[in-house]
Amino acid sequence: MDDGRAREFDEAPLGQPRVTAGMRVEELVDAYAAAGGGAVYLAEAVEILTEMFDDASVTTVMGLAGAMVPTGMRTIVADLIADGLVDILVTTGATLTHDAIEAIGGAHHHGRPDPRAPHPTGAGHPDTGDRRAHDEQLRTEGVDRIYNVYLPQEHFAAFERHLREEVFPHFDGPTDIAAMTARLGEANAAVAPDPRTAGIAAAAAAHEVPVYCPAIQDSVLGIQAWMYSQISEFTLDALADMTALSDRAFAADRAGAFVVGGGVPKNYTLQTMLTIPGAYDLGVQLTMDPEHTGGLSGASLDEARSWGKLEPDARNVTVLGDATITLPLVVAGARGRMTHNG
Amino acid sequence: MDDGRAREFDEAPLGQPRVTAGMRVEELVDAYAAAGGGAVYLAEAVEILTEMFDDASVTTVMGLAGAMVPTGMRTIVADLIADGLVDILVTTGATLTHDAIEAIGGAHHHGRPDPRAPHPTGAGHPDTGDRRAHDEQLRTEGVDRIYNVYLPQEHFAAFERHLREEVFPHFDGPTDIAAMTARLGEANAAVAPDPRTAGIAAAAAAHEVPVYCPAIQDSVLGIQAWMYSQISEFTLDALADMTALSDRAFAADRAGAFVVGGGVPKNYTLQTMLTIPGAYDLGVQLTMDPEHTGGLSGASLDEARSWGKLEPDARNVTVLGDATITLPLVVAGARGRMTHNG
Amino acid sequence: MDDGRAREFDEAPLGQPRVTAGMRVEELVDAYAAAGGGAVYLAEAVEILTEMFDDASVTTVMGLAGAMVPTGMRTIVADLIADGLVDILVTTGATLTHDAIEAIGGAHHHGRPDPRAPHPTGAGHPDTGDRRAHDEQLRTEGVDRIYNVYLPQEHFAAFERHLREEVFPHFDGPTDIAAMTARLGEANAAVAPDPRTAGIAAAAAAHEVPVYCPAIQDSVLGIQAWMYSQISEFTLDALADMTALSDRAFAADRAGAFVVGGGVPKNYTLQTMLTIPGAYDLGVQLTMDPEHTGGLSGASLDEARSWGKLEPDARNVTVLGDATITLPLVVAGARGRMTHNG
Amino acid sequence: MDDGRAREFDEAPLGQPRVTAGMRVEELVDAYAAAGGGAVYLAEAVEILTEMFDDASVTTVMGLAGAMVPTGMRTIVADLIADGLVDILVTTGATLTHDAIEAIGGAHHHGRPDPRAPHPTGAGHPDTGDRRAHDEQLRTEGVDRIYNVYLPQEHFAAFERHLREEVFPHFDGPTDIAAMTARLGEANAAVAPDPRTAGIAAAAAAHEVPVYCPAIQDSVLGIQAWMYSQISEFTLDALADMTALSDRAFAADRAGAFVVGGGVPKNYTLQTMLTIPGAYDLGVQLTMDPEHTGGLSGASLDEARSWGKLEPDARNVTVLGDATITLPLVVAGARGRMTHNG
């Protein structure tokens, strides 16, 4: 075009990148940056995360929902905390439950319930029924299913002992939830055979990263806390943590939100900015939920801008896709690009 | 086939139904029952709901997540409660916030943020930017966006006055969340101009249906409660409600779960059965989230069977789709089929 | 607000509609129109379809993809054609294959492959394996599965006879695809026991509605045509139909696109407007595919506007959801609202 | 467990892998293999592709649908062909259109239509309206939009000249589609400045990989072919290619299907096995479409097993996600693992 008009396509042409044997993850991210579709948003997420991790003035709040521990994302998150890349964690009672189960010696197992694929570990043994029958069989055998992951129920009994012996007795009367999750982290660290695999709560406790868990009663951890409250003065205060979180956000030079999954951790991470004058300067969201559901989990971060949860000029992006695929990818990419590694 | 072998397709052939001008919703549901695809699951949901609503021995627990009040589903839910068809409600702080805003005279408005469609109310006025600019403009104008719905922020100020004058002063010290939501319902009823439009919490208070809200701090209602807790002895006990809920589930002859959306309301509704020997006998789930996300919101109710949250022989179904479309449809269908109307 | 400023929320407030026993489908659509979320788009679709059907000057092109005949939508489509509400049909070879199978006495059956629900027809018989094993069993028994629908393979043999005796011998040498689909419709009508259930192709032939099938070779119908071409001079011309379709679009006073599903039928319906100066004035799209896939099937109709396939002021809407649920709903709604019924 | 019972969770426990700066893509795939959720299926896809690529006895058929060239996947596919890893390509007319546009010097550009993210190339220029207005503006400026990619319409004029001068005149009368796509590849190679970037059709022509395009009339390429047919004896035979494809499949020692996107390329790739006694031994599918749509694009490959398109013991997997993210990832992973690199 030589008529001097500015037109929409006076934008950079996109590339047609190559991929090769042995390429590193950050080179793959370069390929995404040249592409269109969802790939370019993934590359943008890596850029924003790199800025979030590299800039020591950014207070990074991570919102973590979904079955991320049962599906193997536990150490990736724990390492972010241990390396000082996440300053505050907002998560679910289920995340803390499964994190502790791994710390005390339990294990999640590859399972077979997905119709889209053969058993991931190869040859299976005979099955005795259809999907419903399969779930009935699991129940009979004392195995809980989380999508394509199995968890033997006996681990919950060990988890209960862990809580009753090492965690709950430390408290009396109304307790802040974050105080309880910090103690859980210490207790996990004490029993885990290797500090490098003591998990999310342990890393947070060791590095003084607060772990907020607003819907704690909605989990096995919460049920155990309730049962203990029946035989003691112990209970949990639903509101108390908000003061420390608001203070921390207020004190932040810049603030970044790294939201994995939706639900309560996402909203609680974002709504903190309704309690202070500021808002997030950087935002990355990994979610399976498209915007058109109209639900919170799939809402774009731009929508949060209308509420004043993001700064008008905040840099933000949403990556749609399975977080068991995208989380390792963007974290590896951002780690590869960081100037100050860990 | 006349060889006497039982084969998979020795099942009823499906129909090729007609639809006609003036047909009633329950006739449309008959058409769905004859079809395949997702339609047959919608018809199954209507059948199960009809049994749940018709059988007085069923204790029905409704889990209600998502932006159901902002998108206009408030009276449909309130009527279910007022007609005695729902016995226990588990919902979010956002639902209670928006429900109260409508009760005290606020209104949600048709908005325009969706790229897939023109402005639903017709000709629009000039817009000054792209999506991001649009959300910045909304913020400047004091309008919050929830997908394609607008809410003026001034209503939040009125909501705050309502809480500070009519709700919070009724309590002192640690308070059960359900006690607070019950008082909110009474306060809403007292100010609503018409009892028929006083909303969900008001209907629940009038009919002694408990409203559980496990993640209450994750909402504007929760933020207000926290701010009030800063200037008073008031706070909320995160665990206390579980005793009454567990007792109620234990006492139920049969139990039904009607889950709209996922998140905390879904899981809290289901996990109650981990605290008692029984489990749900009937289950209907309306969700946008497909199973393959691996997340709780999209998990099939069969998965809940492996955990013992559903009885092995429970009748259950999941309807995938936008609940603003499917909720009115299945409720109208079930109401049309009930023997004992309301 | 009394300061005279125009603000975004100076839009109509949305309603909180009721649903009741015995309500008609068009009343349900009124409830959707008052709501937000996806419901308001469904109501908009009914309005646009009503205009498309009511205005005799509109040439309506229906794009029909997906397993709509196996899942029971066949008569709904055939009735639209028979009632003069659809002027041109663009569909797949699979649609015509399954439509003919029903015409010649075959039947699709309720099946059981979906993990999210019990067998739709109630108590099942013992199953002998998991999903993969189940599909192997079906193959052994000679049953093809289409999601949750079963089709005995013996019907394909009858379909082959039908084509070889009644359809292909009518032609010699290169043949227009639409000529072949018209003959198929006549042949279906001749053997169907009841003209009211002779199906889509039969209704089209009877009412001189052309049936275009651009990817015909991608179907059992196409495979049969190819096999016949091996033993005769018969073949199909891939390009010839475009002349008549373009002429028809050029002659249209106004044009409406009613697109169910995506794929080739969607694009072929829309791309016709690249061959003439005009474009579609009205558009309704029912699809499962969200826009963010970046694929054609989920692309918004606004994107088609950038290509000149829709008029700049065209009224158009996309309804996201399972078409086995939304197609009967919008057709029943539009039929209920039409001034000139059929 | 020491009671000797075989239970479901007597499966390998899954891992909690690390990700690190500088890790290679195949190491990331190792991390996925240890995880659950969708990650384990992605790892399985890499394993199956590695087998498909490494085993010279496998005839690999690639089905390629969707906007893969506009979104930058063109060279990744062309390299697979050039390296002998794909033996047969089934694709769309749109893929061939956009591939040729790049070959003759046109370019696709980063665009801005996505509401979920800021403009990927950074600071934008003022926009004059909402989404609809934006698409109207693009039309006025002569720019076509494909999700978040822009294409100036002037490239279509150059493409038309290319076809009329270099491709169509080579033929007279009814022509096999694959003959025309082969000639297109030669013509692209002749004008492309660099053979390494001559694209998909050029690579296929150079390596005698046939390119099948069943729905060719459903594309700008098809419209151009039709227009040329109006002024010449040229036309395209819809059925002729099936003979060569069937023969090739029949002759295959083992057969692998690598399906990217759904639609006609997917089904045509699979249905070939209905024309011969054999079936696919290996299958990998990358798709955005979940199974519950009931549509072809999202159907599991297990469903294809019921039709006899996959061998009962075929190794197959589906990866759900954006192919602009997953295609580079699985190809880089498989290339990293191959014993015999290209």
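In order of appearance the chains are A, B, C and D, and numbering begins at 1 in each one.
In this text, a contact is a pair of C-beta atoms (placed from the backbone, for glycine too) under 8 Å apart; a residue touches a chain by one contact, two chains touch by 3 or more.
From a predicted model like this one, the values you see are computed outputs, not experimental measurements.
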item	value
Option in A-D, B-C or C-D whose residue-number contact pairs overlap A-B by over half	C-D
Longest centre-to-centre distance from chain D, chain (CA-based)	B
Cα-centroid distance, chain A relative to chain D, in whole angstrom	32
Gap in Å, rounded to a whole number, between the CA centres of chain D and chain B	41
Separation of mean Cα positions, chain D and chain C [Å, integer]	26
Junction residues of chain A - those touching two or more other chains	36-38, 67, 71, 112-116, 118, 131-132, 138, 143, 146-148, 291-292, 294, 300, 302, 320, 322, 324
Chain C residues touching chain B - in the complex, by the definition given at the top	1, 5-9, 11-26, 28, 31-32, 34-44, 67, 69-76, 79, 102, 107-112, 114-121, 125, 137-138, 141-143, 146-152, 197, 291, 300-302, 315-318, 320-326, 328-329, 331-332, 335-336, 338, 341
Complex contact set, residues of chain B against chain A	65-67, 71, 94, 113-114, 116, 131-132, 135-136, 138-139, 143-148, 174, 177, 214-220, 222-223, 225-226, 229-230, 235-243, 261, 263-264, 267-268, 271, 274-275, 288-289, 291-297, 299-300, 302-303, 305-308, 312, 322, 324
